[in-house]
Structures are given as structure tokens and as C-alpha cells.
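In the two complexes that follow, chain A is the common piece, with chain B as its partner first and chain C second.
Presenting the complex of A and B:
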């Protein structure tokens, strides 16, 4: 009961913060719109790039165009959700800690991590989310999928936990800033590895495949779960792996974050 | 000319110091970006293996790999922060301070950025170029470094940078009207990246579109230098390419001057 009340309060706070953020956004309407169009266009160009490739070859490493698009679209959804809710972690790595602005979160009656993430609602993410859903919608009729209640359930589970793989990686790398003052460049380097997830990992060599599967496990955000839906396979590995990886990353992330908060020393002035 | 160098040398010096300060950061960012090149490398490798053909629209696998890495290198070196820096100065009002000094606004920016580029060049130019040549050697079994193509490439690269700089300064002036520029810059980078051949070689596009894009200034930023490096152009095409690059450079320098003169008259600085 207490937990329920607590979650309820968190959601209420979240709504208030989102409202605040949207107000801020309205001030820079045109800038926001052009940014969102840019995000959309980036994805459209990438899809165009893929279609040029596929106009000359029948399949890529055994995958058809429809299957590749499904994996690509699948990859965008957890990425967009993470982007929407947990974008402020970038700011932690870039300037919040360096400028000593982290102080204000320490004074709030909610956990610091919650206070940080709730502060920003990154609406640009809707561009990616929209493209991801459209790509899935376009590719599903081209594929023979087994659409059952169980698979829809697994799909939601996979998307949910895949989101936290992104968040986990950002959490771990941004927490480094508690000790080094700045870690934006480190977040960036690790975050960029997510691009590998957009294509079947079978096209990479062994070393790259091992890195994106076990070390920075972005392969579990898209290729593994998506390939379960399009070609079948062991759900315990493909979906279960996503769950396990995201739980591990989040646990490590929260641990390092909490350590970091105690190590945090404000900027002197 | 000597006088110009004497006046603006301190800006170059400041640029060098600035870039050297953030060297470690720069390396991490570049590493993140190079990952994307490797993804493309694996993707194209799979394309050539799956397609079973030796060439893809006139590009062999080696050509394609060289294209991926050299176009990345070119786009990093010929990149300009001009639009962002100009936009920032306009927004925070610092531009007023620039106006009262007896120096040219564009040249001060240019020389500072050249200083930053100097550091960038030393950090990535040699490693990437050597890496590409070693790759070519390992795959083809022959040492095929073409010094003529390389020299032509360097000239084209310098022109590409200058075009990019002046184009971005022109673009940055739009902050006089729009005030806020993050989204606009993002959109611009996205469009320019595609039109300049940063995503796929322009030769892969339908002939009509490819011809039009070749004439537009964007091709001169990345595509032209890379094609010259690859030695894909014959002599008349090389001459035409250089002609186009020089034309666009002069075009943007003049445009920049016109916009600047017009903007100074109707400027309103925010705050004080």
C-alpha cells in the first residue's frame, strides 16, 4: 500500500514536471519544430540509404529488406523512449556536476536520480518514436509473423527492458562525472555503440559481436529480440537476455550513481 | 597579406590553445563517430558478400571502404562551427563588441578556427590516412598510394573547408532573424550531410539528381575531395570540379559580405 502511494506520488510529480517542460518548449516553438524535423529526416535518409543498397542485392546476409526494416524500426522505439524520459543524464555528464548545479537535487525530498530524470521531457524523441512505429507498421505485413497474445506480451516486455539498457549505459557513464566532473564525451562514445544494434549482428566480425552482445549489450535492444519475432528462436535467450542485461546494467548504474552522490563535491565559488 | 597574418595570428593561437585544452574530449567524440564508419564498413562488406558482385554501381569493395573513411575524414576536417559560433554571439550580444573593434568579423572567426583545425589535423589526419592505406595494401596486396591524387585531394580539401566556413557564416547570420539556432543547425547538418555525399556516394543516386547535386555547393564539401582522392575523375572533370569549388567559394564570400552589411544596419542586440 505504501509502495502504491509512493508510485502514485512519483507519477503525479512526473506529470507536473512534463507540463513545466512543455511550457518551456513553447517559448522556442520554431527551434523545437526544426529540431524534430531534423530527427525525422535523419531517419528517412538512413532508410533511403538502405533502400539504395537493397535495390542492387536480393538480401543482406540472408535478411530481406522487410526484415532489416523491422529490426531497424524495433531499434528506434526503446531508444526513443529512453530519449524521452532520461535525457537529462546527458546534462549530468556535460555540465550539471561541473557547474555545481547538482546541489539543488540534493535538497529535494525525492531520490536524486528521480529528481534529475524527471526534470526533462525531451519531446524531440517523438520524431524517432514515430519513425520506429511507422517502420514496424510498414514491415509487419511483409513478414510472416506469429502474432499471438504471448508474442505481443513478449514484445512489450522486450521494448520495456530494452529501454533500460539504454538508460543503464547512460547512467553508468554519466555517473563517472561525480568523480571526474565531466563525462559527456564518455557517454557519447558508449552511446554511439547503439548504432551497431540496428543491423543483424551476424554481419560483424567476432570481436565486434562479442562487444555488442556482452560488454555494451546494445544487441539486446534490437537485433536479438527483433530476430525472435521475425525468424523465431529461443525466447529465453533473445527476450530473457534483454531482461537480464537491462536489470544488470540498471543495478550497476544505480549502485555507481549512489556511490557517486556521496563522492560529489560541489563546485567551489 | 602579411599584414593580415600579423593581425589575426593571435586568434589562431587562441584556437590552438582552445582545441589543445579539449584534446581528450575530442578523442572520445571522434572515437564515437568512427564507430559509425566501422558499422558502414561491415554493412558494405556484407553487401559485397551477399550480392556476389565485384562492383556496386562502379565501386569496388576497396573503393567503398576508402570512400567511407576518407569521406568521414573530409567531413571532420572541412567542418565548420561558424554557424553555431556566429549564432551564439548574436544571441548573447557579444557581436556588438566585435563590431567596435578594427578587425574583420569573418576573418577573426576564420583564423581562430584554423587554429583549432590545426590540432584536429595532427590528431586524426595521419592515423586515418595511414590506416586506409594499410587496409588497401592488405586487401589488394599492392602499395597503391597515389601522390598526385593525394596532392589534388589536399587542395580540394582546403577549398572545401573555406566553402564550408563561409557557407556556415552565412547560415549563422540567420540568427539575426531567428535568434535561436539549435534546431536549425541540427537540420542543416542533416541536410548538408546527405547532399554532400556523406551518407552515400552521389553516384548511387539517379543520374539527374546526381548531376544536380554535383553542381550544388554541397558536393564541393565532401564528395568532390573524396572522389579526387579515389582517382575516379579524369582530367577535364578534375578541372571542372576545381572550377566549381572556386566559384562557390567566391559566391559565399560575397554573399557573406552582403548579408553582413545588411544585418549591421538592422541589428538589435538582446539585453546589454
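Presenting the complex of A and C:
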């Protein structure tokens, strides 16, 4: 009952801020449109290059163009959802802690992590989400997929936990700022590794593959779960791995965050 | 404005009848041997220094708060004063659960701020005058809706509370505006209202009147008074404006360089350290003051006696322990005819200035 009330409250707060960010969108139209167009162009160029490559070679390490597009589209969805709800972690790394603005979250009777993330709803992420869904929609008819209730369920599970792999990586790296005051570039460095996850990891050398599988496990946000759907495989590894990695990263992230909060030094005023 | 003033007055009248007896008051805040150290990396100047310190960091421990103890009764308004960098904000941040003390103890209403933070902050309100706690792009009304949810205030209490805060702080004029468009005075009122929405037992105000004009300052003071008397809310405020202190605080704690240097009533401060007085007179003939030679007559050190002549008024600041008023007056009157004369106590500002410059020796 208490948990229910708590969740209800969380949703209510989310709603207020989401409404606010949508309103802001109308206010800063040009900013939003520029961002959206820029994002779209980036994705279009990426897809264009992929199609150029595939017009010259029939397949990439055994993967067809349709399969590559499926993985690519799959990768964008959890990334977009994380972007949508947990974007404020970047601000933690870049300036919230350095400027002492973290003070205000500590005077509220809610979890600091919730208070930080709830106040930003990153509307720009809708672009990525849209592109991801469109790419999946385009590629699915080209592939022979086994669309069953179980697989749809696994798909949702995979997307959900993959999202928290992104969040976990950002959480761990942004928490470093509690000690170093600033960790924006560290977040950026680790976050950008996700670029490798959009393609089959089998095309990389061993070192890169080990990094994206075990150290910064972005391979579990796209390639592993997606390849289960397109070529089959062991769901316990491909989907289960995503769940395990996501839980580990979030647990470590929350632990470091909480440690960081007690080490927080504020700033002079 | 008149409505604002009369409300406050009314509240004060109501309060006098319902004030708690001495026995019902309890100690609400205990602070014992509180200490806070910060680690600071020392860098040599320039890029070279930065690179060197990156590979071989040299750390230095800075003690912001050395050893501070005090306690506060329920319903008290405590002024927390001290020069810039004395450690006021650091103490407030420890009391509000933002910083974890290095050692020592603080307990507010039986709770330790940095442990069980979420539970504790429900009972306090915090305003930092230097930076808003509100959401920059949210309209003020929505800000309060968010806070209502965060603090779990029920609909009925919320309605009542908003009506009360509206009355005291006059929020109506700008409640639909986004926070970023508010003037500093409006923003401060909005911030204070936000900190009070959940009826906290203790209100922490860190420089609530900073940068405000005289009228707004006055309004904020009246509001603080009204809230303190209406609900017996304990208030701890830091300020550099001594008018705030004189108007609001029954008691002050003064700190300097991380240590407490005074704890008591303002009148105590005045009677203990305020032996300094000022005598002002307007001579009938401005030239006649030339015959006055205080140095020769009394032979006092400059800290015990100083004088100033702006062409019209002649003023002498003197230490009452070293020289009596009568003696001084007699001397002046024997040398010159005066149109007007006035002797006054040095004001609190003068005393504090003296303490900050450590002219006045403290033994608190």
C-alpha cells in the first residue's frame, strides 16, 4: 500500500515536469527544431553510409543489411529511453556538483537520485526513439523472425533492462563528480563506447569485444539481445545477460552515488 | 502594502494571547563540538602547476568550523552572525543535512540531520538567499504543486497553508509567472513560502535579505516575525544586515574563523562590549572648535578616543570606561559655545565592527 502510494507520487511528479518540458518546447521552438533536425541528419548519414557499404558487399561478417538495420534500430530505443528520463545525470557531472547546486536536492524528503532525474525530461530523445522504431519497422519484414508471445515479452524485458545499462554507466561515471567536482568528460568517454554496440561485436578485435561485453557492457544493450531475435541463440545468455549486467551496473551506481552524497562538499556561497 | 502590515500586526496580537509558557518550551537544537574539515588540493600557479598537481596532488586540510557548541530553544529566533568566511554557511549546511560533520554532534528535534536525511528534512525549511531552490522554468504555482507532492501535504492543509502564505508574503501578484522572471524580492518571498509549505518546526534562513531594497527587507522581516509568532516556528538566520538582527533575533551567536566568539542577547553584547559612546555637538562658531585639543587634555589612545569634524557637526567617539561623559562635556563647554549637543550609545554595528577587526577583546 505504501509502495503504491509512493509510485503514484513519483508518477505525479514526473507528469508535472514532463508537462513543463513540453511547454518549454513550445517556448524555445527554434532550439528544439535545430536539435531535432541535427539529430535526424546524423542518423540519416549513418544509415546512408551503411547502405553504401552494403551496396558493395553482400553481407558483413555474415549479417545481411536487414539484420544490421535491426540491430542498429534496436540499439537506439533503450538509448533514447535513458536519454528521455535520465539526462540530468550529465548535468551532475558537468556543473550541478561543481557549483554547489546539489544542496537543494539534499533538503528535500525524496531520494536525491529521483529528485535530480525527475526534473528533466529530455524531449530531444523522441527523435532517436522515432528513428529506432522506424528502423525496426522497416527491417522486420525483411527478416524471418519468430514472433511469439514469449519473444514479445523478452523484447520488452530486453529493452527495459538495456535502458538501465545506459543509466548505470552514466550513474557510476557522474557520481565520480562528488569527489572530483567534475566528471562530465568521464561520462562522455564511457558513454561514447555505446557507438560500438550498434554493430555486431563479432566484427571487432578481441580487445574491443571484451570491453563492450564485460567492462562497459554496451553489447548487451543491442547486439546480444537483438541477435537473439534475428538469429536465435541462448536467451539465458543474450537476454539474461542484459538483465544481469543492468542490475549489476545499477547496484554499483546507486552504491557509489550514496557514498558520494556523504562526501559531497557543497560550494562556498 | 498596508494589508501586509496590518496582517502581521494582527498575528502578533493573536500570538501574545497564545504564547507558550516557559515550561512548555524545550530545547530543540543541540550542537556540540561541531567540526568540519575540507580537503583542498594545493596547486602551483599556471598550467604547469595544474599538471604537476594532477600527477602528484598535494593536499591540505582546511578547518572551516573548528569547534562550535550551542543550543536553541523551541520558538527562538537565533541570529547567526560573523564576517565572510567565518563558517556560518558551513554550520547551516551541517544542520540542514547537506554536509556531514567531520566530528561533533548536532541533533535537531531528536534527529541527526545527516543520518536518516529524508525523514529529517520533512521537519525543516531551508532558504539560501544566494541561490534559489525553486525550479527555474516552472511557474510558481506549479512549483508549489510539486512541493506539495514531495512533502506529502494533503489538499486541505495545502489550501489553508497557501492562503496563509499568500497573506503574509503577498504571492498573488506573481504566482503565475515562471520563477526565472521574478525579481529578486519576489523570488526571495517565493523561496520563503516554498520552505514553509510543509509547516516545518525549524526554519533555516541563510542571508534572506541579501541584495534587497529597504521596503522588501522590511516586509521579509515582518513575515519572518509573523511566522515565528503564529506557529512558534524556530528560526535560525544568518545575515550581514544588523537591522535584521536587531529586529528579529532574541539572541545571537557570533562566530569568527570557525569558532564561537559570542553567544547571548544583543543587550548583553551592548552592555559588555559597548562601552563606546559618541558625543556630537554643533558649535555656534565653527572656528571655536580649533581651540579644542583632546589629545593634550586627555592623552588617550586612538582606540579609546577619536574625533571628526565635518564642518557643521563635531563628533567624538570615546570609551566610557576611560573617560566620563561629564568630564568630556565640561571640557567642551569650557572652550566653546554649542547650539546642540547629543550623547548616544555606540550602535550594535560599531561593536560588531570592532569585534570583526578584533579591536574588542572577547572572553565569551
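We adopt the following convention: the second predicted complex is superposed on the first by the 269 of 269 C-alpha atoms of A that agree within 3 Å, B and C clash if a C-alpha of one lies under 4 Å from a C-alpha of the other, contacts with A are read in each partner's own complex, and residues count from 1 in each chain.
Assume contacts are C-beta pairs under 8 Å (C-beta built on N, C-alpha and C of every residue); 3 or more make two chains touch, one makes a residue touch a chain.
None of these values were measured; they are calculated from a predicted model.
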item	value
First, second, both or neither for A:204, with chain B first and chain C second	first
Chain A residues touched - chain C or chain B, whichever exceeds	B
Contacts of A:159 with chain B and chain C, given as first, second, both or neither	neither
First (chain B), second (chain C), both or neither touched by A:52	first
Contacts of A:193 with chain B and chain C, given as first, second, both or neither	first
Partner chain in contact with A:60 - chain B first, chain C second, else both or neither	first
Chain B versus chain C as contact partner of A:31, first or second or both or neither	first
Partner chain(s) touched by A:41 [first = chain B, second = chain C, both, neither]	first
Contacts on chain A seen with chain B and repeated with chain C across the two complexes	none
For the chain B and chain A complex, residues of the former touching the latter	24-26, 28-29, 31-33, 35-36, 38-39, 42-43, 45-47, 49-51, 53, 56-57, 178, 180-184, 186-187, 189-191, 193-194, 199-200, 204-205
For the chain A and chain C complex, residues of the former touching the latter	9, 12-13, 16-17, 20, 24, 100-101, 103-104, 106-111, 115, 119, 262, 264-266, 268-269
Touch list for chain A against partner chain B, complex	28, 30-39, 41-42, 45-46, 49, 52-53, 56-62, 182, 184-186, 188-189, 191-193, 195-196, 198-199, 203-205, 208
Sites on chain C touched by chain A in the complex	38, 85, 89, 93, 96-100, 114, 117-119, 121-122, 124, 126, 128, 130-131, 133, 135, 137-138, 142, 145-146, 149-152, 206
